[in-house]
Amino acid sequence: MKAVRLHEYHQQPVVDEVPEPAVKGPLDVIVKIGGAGVCRTDLHIIEGQWAERTQTVLPYTLGHENAGWVHEVGPGVTNVAVGDTVILHPAPSCGLCGPCRGGDDMHCENSAFPGLVNRDGGMADFLLTTARACVKLDPQTQPADVAALADAGITAYHAVRKAIPLLYPGTTCVVIGAGGLGHIGIQCLAALTATQIIVVDRNPDALKLADQLGAHQAVAADGGQVAAVMDLTGGRGADVVMDFVAEQGAEQEGFSMTARAGCYYVIGYGGELRIPTLDIISTERNIIGNIVGTYNDLAELMVLAQAGRVTLHTRTYPLDAAAEALADLDAGRVRGRAILVP
Amino acid sequence: MKAVRLHEYHQQPVVDEVPEPAVKGPLDVIVKIGGAGVCRTDLHIIEGQWAERTQTVLPYTLGHENAGWVHEVGPGVTNVAVGDTVILHPAPSCGLCGPCRGGDDMHCENSAFPGLVNRDGGMADFLLTTARACVKLDPQTQPADVAALADAGITAYHAVRKAIPLLYPGTTCVVIGAGGLGHIGIQCLAALTATQIIVVDRNPDALKLADQLGAHQAVAADGGQVAAVMDLTGGRGADVVMDFVAEQGAEQEGFSMTARAGCYYVIGYGGELRIPTLDIISTERNIIGNIVGTYNDLAELMVLAQAGRVTLHTRTYPLDAAAEALADLDAGRVRGRAILVP
Amino acid sequence: MKAVRLHEYHQQPVVDEVPEPAVKGPLDVIVKIGGAGVCRTDLHIIEGQWAERTQTVLPYTLGHENAGWVHEVGPGVTNVAVGDTVILHPAPSCGLCGPCRGGDDMHCENSAFPGLVNRDGGMADFLLTTARACVKLDPQTQPADVAALADAGITAYHAVRKAIPLLYPGTTCVVIGAGGLGHIGIQCLAALTATQIIVVDRNPDALKLADQLGAHQAVAADGGQVAAVMDLTGGRGADVVMDFVAEQGAEQEGFSMTARAGCYYVIGYGGELRIPTLDIISTERNIIGNIVGTYNDLAELMVLAQAGRVTLHTRTYPLDAAAEALADLDAGRVRGRAILVP
Amino acid sequence: MKAVRLHEYHQQPVVDEVPEPAVKGPLDVIVKIGGAGVCRTDLHIIEGQWAERTQTVLPYTLGHENAGWVHEVGPGVTNVAVGDTVILHPAPSCGLCGPCRGGDDMHCENSAFPGLVNRDGGMADFLLTTARACVKLDPQTQPADVAALADAGITAYHAVRKAIPLLYPGTTCVVIGAGGLGHIGIQCLAALTATQIIVVDRNPDALKLADQLGAHQAVAADGGQVAAVMDLTGGRGADVVMDFVAEQGAEQEGFSMTARAGCYYVIGYGGELRIPTLDIISTERNIIGNIVGTYNDLAELMVLAQAGRVTLHTRTYPLDAAAEALADLDAGRVRGRAILVP
């Protein structure tokens, strides 16, 4: 089968012919890929940002944002059957460790992360995953239409869901970056809270999209964004700041925009926070880490998607055009999310 | 009356003769001071760390950690009467703004902070405060015995109380610094949770005290403390780290000791955090700001103190010896808390 | 001035001429009434249901759901000024007891409840209340348009707000009764959650209104309502049931419609729950009490109202027609809320 | 092997010779029983209280509170091995449904309950369970010493853990019934909170035991218990009431002892609550259902037990003396818990 494989850091991945994966364990599931999202993390992987942390052996297949149809199942699989339409949680979990037993399977002590850590991902015809990663969908769903919810979506939803108790009427939430994740985050905020949503982005088209998706105010990231947010919040700053960028200075600005007793959610990455501890304690502000989400987060997000409360702005590319999709993302030419379709 | 007043930053405060304060508003309360705690923040004030932030006009009287007896009350005061023994919340609040109405009076939009921000503090014979700052105590309480709970105590209690849901049996909590605040924090942790308490301090006497107060493990801050905590937690790090130091490198170590999905509580200050956003998101760790606490935090802490669950290790100095007390604190010669007694 | 006064239980209140109220305490506020809502509780008061509990001395003026303009203020009032448009929290609180300090002013140990407990209410030209009850509004607001939010609104909002964490996507919430409170509750649910809303009412017009306000399914309370809810929830029952009736059998049906591990919210009253403890424990269901809400609940609700997310269906009557309004409510002839306008 | 089997409701179970259970599924585990607790629920089963609800086919083996050693495992079991000492969660769960994925495995949609619902329990030499029910223990633990934690313990712990946020310093918690569950609940309260613990029991020995385990006040259930609790709480009632009896009138008294805005936890069962909805709403009290607990609840409780914070008062009987143990329990002759040892 075809697969988009990374052979060396700092080089573009290439489309190789590789053997199809095979079921080994009783809970294994082989999925025929219908759509695989292209994520800023793929760019970061290629740049080597994750190399030391993951120690992944090259070459391997990229693609951690996948949906498709169940192609084959191990003998112990009871929750899905061959032919089912599924979206895949990016991190198959063990189900037996403390975090899994507590519903926090995102922090499974034995989890895998195909496409990122030492396992082939879904930019290919088929993917090996497990029963615990499969969320069953309405059979009429087109996997390419929803694949971006498997990572961009779940990550945005997870962060928003954690913030719900903070976002009661009268509060303000800033969204930094209305791209692949941010444009989903805005919809989740609009669906789940009545907070005032202020979107900050440097791209006018992204701001326009944000406005259509439920943002109440749009702020151009032209250097005056911190002042603009202060102005819109009566000098207080925002109760919650969701930073889907967190690099190139956005991380410092994001913290600066956060109100006394407020929370700055780091969702994007790449930059470095530098904050005097006096600034943290004198205002009692919090910095909240976020990565992907739980299985139930994904299941809940699919309910929102099914109800039309979250819709994706995608652009599809054939698997062979993976390099083009990555280049478009890197150059800021993708509104919403790029999806590879085998 | 006598008062310990700061005339210039970077110079020691001096004991001056000043007029007694007078009741002006209907809710004003004059307290005859029985004990005023000496806090690391007083050192930071003298060093000018708060100068830009507070814009306080010099000279003024230090002392933000006070207890005593009600001496005079305004016509609208109903909750205390002349002669009552009281401990004082450090930040008198308005009672009418959003945060006050929500029980979060620490973030009152109109609060004062005597001894820190533009108001004379309690290192004096008398202090002007308001009805909303007064927590009434058993008349047999000696104010000098409990004064340190008014700021060191409430701050430690507030941080611990916020962390209770994270500290179920099987978890681990690191306490960095077993000094004025930390030695109270340890007792609050032992009273309110069943977490495993690991204390990190560079001073062997402080570690010994920690052990007596309920710590389960003591780690010398001799350069190997991060490794030691990792070792004690099976390589995971601690679920919660309470950093009562947060300067001189403790802040970086504190974050490093924090487990995946864990929380690093910043309570001390003076240093600067430098953290790549990738480190925040890849492990979903949180950095939690903490400052003082609510009125109810102080009232609850006094219940613990009354029940003997939190006891203070103090050393008293006469008001005239304020400079000596500050010097002892700066030199690390105070176990527990120094208290000025007029 | 004119006032609608209850002279005897089981008799209709009458419009009397009485003296205007006067400011006595420093925080007192006199409000010129612009609108006073007519509530099912007024009927229950007349029926004597509250007599034993409140021990209110007759005669007194009814009306616990009021909005208007500040007419006169005591010397200590700082948050409102003469001429301000205000909506009034129904229970002026002391601001100094434990619940008040914790933001739970609904459970103030010294609160009053004008129009219900031993104080004249707002079915009159003027009402005596206090600074802590006043929520300041946009001066263009017409008090008669929003008065019903002061009790019906805050009560519905308070219950919904408590339930938000339970109402994530994929859950179901039943609303029993789409009348004065229920029609606001439906709008709050739609604004603050993405739960599936099922409305149960015996009146077809009420169900039609519910549909327009955001309900997803309408169930006629024709005897088959429990079965219908079970059917709509795949036999599970609803995760949350909000019972705005809680009398005449609705209370037993409401608990029966509640899913395993779900919550039954009692908001209306008049009936009696009879539940074997085995039914409570074998399914781990909860029964949640609800009464009115906090000051901040009302302030937040006014944000929703100002944004057009909650609109009231009202019918106004002149003060002199109070008896007619009460009769219409009793007979089920009011869609939404009846409002008296002096 | 031997097994204590119920052949008919309202008749005593008898010790039969039955075949040993065999591993069928990949996740099955056979446990050699070291101790099986005797529970009031066993009496209720014999009395037929659960007959209609569970539709269990007779005869079957009782015993839902078990610990022992792993005897045989299915091919897919990875978390325990033959010879491991284990305590067993009473309700093996599927791991794949929504509640399981959310950490709420007590509400697994496909769970079993050996010894209660259609599956043989552990009053026998061997028990068939699954990998998901096994909590691995220190090999030196004697199963008979801890077996009572598998049901009595987890149930008491679960209820207390849910109440922790309500039980801050200054609050009061009433425990009704200091028997099998209650004597564990008292220890959990003392280990996890700093609330004031008032124990109500009709048996003087039980009150004496409660005192040793951490209770602050003892109240004889002699008819004056509601008045006594009111007196001890300044007329307010208790913030939380944990009713481990909930029959024979305790259920009405328990609700009556509950303070305004407080919570009444139903843990025992057998009686019927009769409460006017006006009493629920006028004070905003809650009635909280409780049954058993999650896998993680049991794991956490074992941490407390291992640390000596929760100790059991037990009396062992040989398996053949099951009838005697049941009779002793029924007659109130057991302090703590009766344990059958094969």
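Some observations on this one:
For reference, chains read A, B, C and D in written order, and residue numbers begin at 1 within each chain.
As a convention for this text, contacts are C-beta pairs under 8 Å (C-beta built on N, C-alpha and C of every residue); 3 or more make two chains touch, one makes a residue touch a chain.
Quantities reported herein were computed from a predicted structural model and do not represent experimental measurements.
Of all chains in the assembly, those touching subunit A and also subunit C are B, D.
Judged by contacting C-beta pairs, the busier of the interfaces A-B and B-C is A-B. The mean-CA centres of subunit B and subunit C are about 42 angstrom from one another, to the nearest whole unit. In subunit B, the residues touching two or more other chains are 98, 104, 170, 299. Against subunit D, in their complex, subunit A makes its touches with residues 26-27, 75-76, 78-79, 94-96, 98, 101-105, 131-132, 294-296, 299. Considering their complex, residues 49, 53, 98-99, 104, 106-107, 170, 246-247, 251, 260-261, 266-278, 280-291 of subunit A touch subunit B.
If you check the complex, the residues on subunit C that touch subunit A are 161, 164-165, 168-170, 191-194, 299-301, 303-304, 307, 309.
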